[in-house]
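Each of the two complexes below includes chain A, the first together with chain B, the second together with chain C.
Then we have the complex of A and B:
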């Protein structure tokens, strides 16, 4: 009896597999799953990844940080404050409703109501619908980053989200905690629709049959997303074949994945810069640019990338990673202990001084170890550093209070633009305007302020890039901060999954274009 | 002096010690470890606290007998490029200091409270024991965060490094004294109605003298047993506190934090970072426990001379 049962089950299994030929299923293991199906509930990397799978933005970033037309076919600047977008005509939502300019207007209105997004959309004045497939986006002031912001506009299905749900709540309500229509229903224009979702357990996406982008090489028909929180478990799941694609990969397991024959490791430079800020107000020695330069010369950040980060980061000498408008190609990392000692001598501090340092120990990859390594590097130019590390929950209070002379901060630009770094990290701190809010070094240079503000309203992108590059050059010469590296994003996948073309600086793998051989 | 020495030589303590191999070996190892710890600057090949001598490019070198090992780093190096053997020796010193210091403080507080509560009874007992309950209901991490917050306001981050050891002794000592107080009180309650105590009372000895001279020695058995466990606990608590930024600074790792920092490398091949310090800690705790066991047997009057 048992044997027959086994035989029947085996036959069923084979039959089931036989049916699956041609269908490509991707089993995805991420550290977390989307908190909601409503893309406007939370501004986070995970939610934006999800948005790219189920919705489509007006424009998106390509791998080399150019704008790639998506739902907007093309765009042109009409005047300082207005950009006109021409939309695709052949697009339908998952619900079957056609996509029009009215949906874009509705989505931007909703973004301006979302607690998390409204800050980003503050410069936006209104969206004017010209006809069904043309619209104008008008900003309050001349705004250089309009296109950058358009990467955040994922048009939602206006008709699908209007009216009341069965509990009497508006379907378009943005609810952070508690039930809502948009929490469990989604209709976008994206390559995948959500067919099953149990939060924290499994989410199933299936390819949308009427997807507009016929040019996309993507051949994945089904994605099964399983959140695996533990680093070691996620890696083990990939190695044992339970999942096909994981992210992130913990640095200590890079070698293991590289060594395994069935899987591969793919990394891509990210945009988060890790720096130390040198507080000139607390420690007068640090106000001397020669001392700051000496510190930068003494810090072997290439060594940190090689030994502590195990090559999972890109050595930095400036704020903007490659591809950003302000990235200055001539600025190279400068580690030179002899030069550092000379500079200290020139500054009259041959015998050094002592300083305090704080760093988080669970915020950035290897943050505590980086800080520890810097202590011994600075000891070589006779700067005695007292280091204290703490969890992020306590760290940011201490950071804001400027409790130490040298403080660690990592920064990722929300707008994927260089200006954002300068606005928050190096402009003169000003409580009223909010500029320099995270400038705990109290570096203050009128020229930098002037250039950063000029870049904000410069709508000629070539001229703007020149301004941003000049900022980086000044900061480099002044040694305004100690740059370390940009953290890399890391992915582990089976060999037959072509991950390389779909990853990017933002860590939004475009799974719609993913090819499985 | 000579009389004391004479008495010691003829004592049962020494007699049983010399007949117990385990005790002799444990004692030898413990003395060796303590000596190495105290003489760390002489015993260790490098000074891991001298940040100047550390080079990040030396990180994660395996022990010298392995293929990629280097002669100068006998047990290899950790992630920062520190010589592991030296770091272990310095860490051992810290762990012994913190562990023993904290346990002494705990025992002192706990025994006093326990004796008073058990012997005097009544209202004193209730008040002291409720105090112990309150203290136990606070997790020690809360006590630690509280004390270190006060500390930081008073001294600032700059002096943290030099004050960390006494601070940890106080934090761990204050957090765990009720363990002693309760045990001692329980044994005092068992002892105080025995004939010898009544006899002492009848001849008019003061309560203080009775408590210390007559009851205390009879509660020592349990105190010693707890102490051996508490030393190990204190060493591990210190490692946990270090993670919260409340223990030793990362630039001065104790054995506990050295082990913890090595955990994440154990699967990726750098097993030596956590294994050797772990081994050392196990030996330290084991010999303290074995000595404690032996001492308990010796001091137990029921087993006394067979």
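Then we have the complex of A and C:
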């Protein structure tokens, strides 16, 4: 009896799998699903991933960090405040409406109303429609990152989102809490339409028949996205064949996935820098650059990458990862315990001191383990650290309140540009301008502020890169913060799924171009 | 009788008020829900505006009074994450949890009864000893470990059963059930087993010891002396009397099983109330959390009140002792 049951079960499973391959369905298991169908409701990695599947940006980043034309075919700078974009013709939205320059103007205006996006679009003055397929984007000041920002413009279907819904609310209202039209309806130009959605349970995407990009090799006709929050369950779902593609993969399971013949592991260097900030206001010892340097020398970040991150991160000595304009190639990690002890002695702190430290325990990959490793590393130069870790839900309030002397923060540049790191993490904190909003170290250097602001409006890219590199050098010499690594993105997939060409630094897998063999 | 009913109802209302007050006072300790609603770059000033609009900056008492007066009209607020009424979210997750508990209960009944009886009748057999040893082990393994081991063996290695989720469900008058599809049933298997694994050993041991005790009693000896058939003595005469205490314990254990669904549902990504609760904690979806506490509290209060009222009807001494 049992044998028969087993045979029947196995046959059914095989039959089910066979069907899946024929229809080119991708069963996707991610740690979370999009919080809304409205791309402007929240600025987060997950929402941007979703935007790339259902909408299309004007331009997007390629794997080697160049701009790739999407809805904008080409662009040219008219003057130092204006960029002209020429749009693709014969593009239709999912609703059937044609895509024109008016939709772009409307989308940028909506972005400027979104709480999450309006900060990024602050430098934008207006979008001027020249004709149906030509438009000018004008900024308030000369702005070097205009194209970077164009990767955030995912034109939405203006006609589709106009008017009132049945409850009398405007269809284009951006609602954080509560129902709205855009929360549950979407019309973009992207490769997939959303055909079913139960939040937190399942989202189904089906390929848009009239998608403009005929050159795309992508052959996925249907995506079934299931959020699987538990790391172990997500990996088990891949290994058992219940899903085809997962992300992220926890480092402790890398070996398991590499060993398995049916699946593969793909990693890609990311741009999120993990750092500790040393609060000079709370602890006067940390205002002495020698002490900060001693801490940087005492921290074996290469060892952390090897042992804790299992090699799935890139060791860092600065904010900007390779490929960014400000990446300074000469800055190397400096782990040297002897030098660290000497510096402590020079600073008159041979006997060390004690400090408090906080870190989240569910925000970054292995955040808690990294913090614990740092505690034992600093003990070697007699800095006695009192560590407290907590879930991210509680962490950010503590971080803002500067509840400890040493605080962990990871940062990914929204603009994929070096300037963004300095604006938020190391410029002198100023509540009025918002600069240095996440600078809990209270590092303040007038020269850094001056250079960062200069880089913002320098439109000569070579000169701009020099400025950004100088910033990194100063921060390095000053030991403004303790750098650890840039996290890698990790994906696990069945062997026949060609993940490699569609992943990138931003962690936006371009599923429209995904090929299943 | 009328006074008794009124008294019980007033007590129930007081209990509900206390539950909501406790829920309300811990909600500010769980974290800032606005953080989870906005990107990391949104300025503190902008966040304040959102907090104001949500009424989170009002004095505690004002928030509480508003909550209670809305709740009295059946409105438990909007879930921050789901962007739907919290009560609606909870009710939509209820079937999944109930089905999981029903599945686990069936497994417990089907396994513990025959095994318990067998080990009581043949306490020295090798199979009995093995079962008892194994059940000791079973009690001491935490449920998430059982769950992970089951997934590893039956999904990853043997590839017999699905590893997560509820599978295909059918809408039965608003009740999303997985009982009616083959896919749904296969998905139910592993989670039910892991949930059952917590209390199954307990029941095997309980039935065994109760049964052994009964087998020693005079009336069983008399039944043997009368020359009754062995099966009749065991299954009819002894077993019936074994059941009474078992049923009492069973009632208590079902409540405990509901609590353990939180762990089981999290590992299996089972979309029930327990999973929803844990996610709400992680996302600081405090409006959903408070609604959940009030909802679960209300269920217990209603059941208890009804039971008390029935007791009062059936047994007048309860009413009288309550009055004195």
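Throughout what follows, the second predicted complex is superposed on the first by the 489 of 517 C-alpha atoms of A that agree within 3 Å, B and C clash if a C-alpha of one lies under 4 Å from a C-alpha of the other, contacts with A are read in each partner's own complex, and residues count from 1 in each chain.
The criterion applied here is as follows: a contact is a pair of C-beta atoms (placed from the backbone, for glycine too) under 8 Å apart; a residue touches a chain by one contact, two chains touch by 3 or more.
Everything numeric in this text was worked out from a predicted model, so none of it was measured.
Q: Look at A:300 in the shared chain and tell me whether it touches chain B only, chain C only, both, or neither; answer first, second, both or neither.
A: In the superposed model, A:300 contacts chain B only, not chain C.
Q: For the overlaid complexes, name the partner, chain B or chain C, with more touching residues on chain A.
A: Result: the larger residue contact count on chain A belongs to C.
Q: A:391 contacts which: chain B (first), chain C (second), both, neither?
A: A:391 contacts both chain B and chain C.
Q: With both complexes overlaid on chain A, does A:232 touch chain B (first), chain C (second), both or neither?
A: both
Q: Which partner does A:23 reach: the first (chain B), the second (chain C), both, or neither?
A: Touch status of A:23: no partner.
Q: So in the superposed three-chain picture, is A:400 touching just chain B, just chain C, both, or none of them (first/second/both/neither)?
A: Only chain C is touched by A:400; chain B is not.
Q: What is the contact status of A:36 with respect to chain B (first) and chain C (second): first, second, both, or neither?
A: A:36: touches chain C, not chain B.
Q: Pick out the shared contact residues on chain A: the ones touching chain B in one complex and chain C in the other.
A: Residues 232, 391, 394, which sit in both footprints.
Q: Mind listing the chain A positions that touch chain C in their complex?
A: Those in contact with chain C are residues 6, 9-10, 12-13, 35-36, 42-44, 115-116, 119-120, 175-180, 183, 199-201, 226-230, 232-233, 236-237, 239-242, 362, 391, 393-394, 396-397, 400, 414, 424, 434, 437.
Q: Where on chain A is chain B touching in the complex?
A: Residues 232, 250, 252-253, 255-256, 300, 303-304, 306-308, 354, 356, 358, 361, 368-369, 371-373, 375-380, 384-391, 394, 403-404.
Q: Which residues of chain B touch chain A in their complex?
A: 50-52, 54-57, 59-60, 79-81, 156-161, 243-245, 249-251, 264-265, 267-269
Q: Which stretch or stretches of chain C touch chain A in the complex?
A: Residues in contact with chain A: 30-32, 35-44, 46, 49-50, 54, 78, 80-84, 148, 151-152, 155-156, 159-165, 182, 186, 266-269, 271, 276, 279, 281-284.
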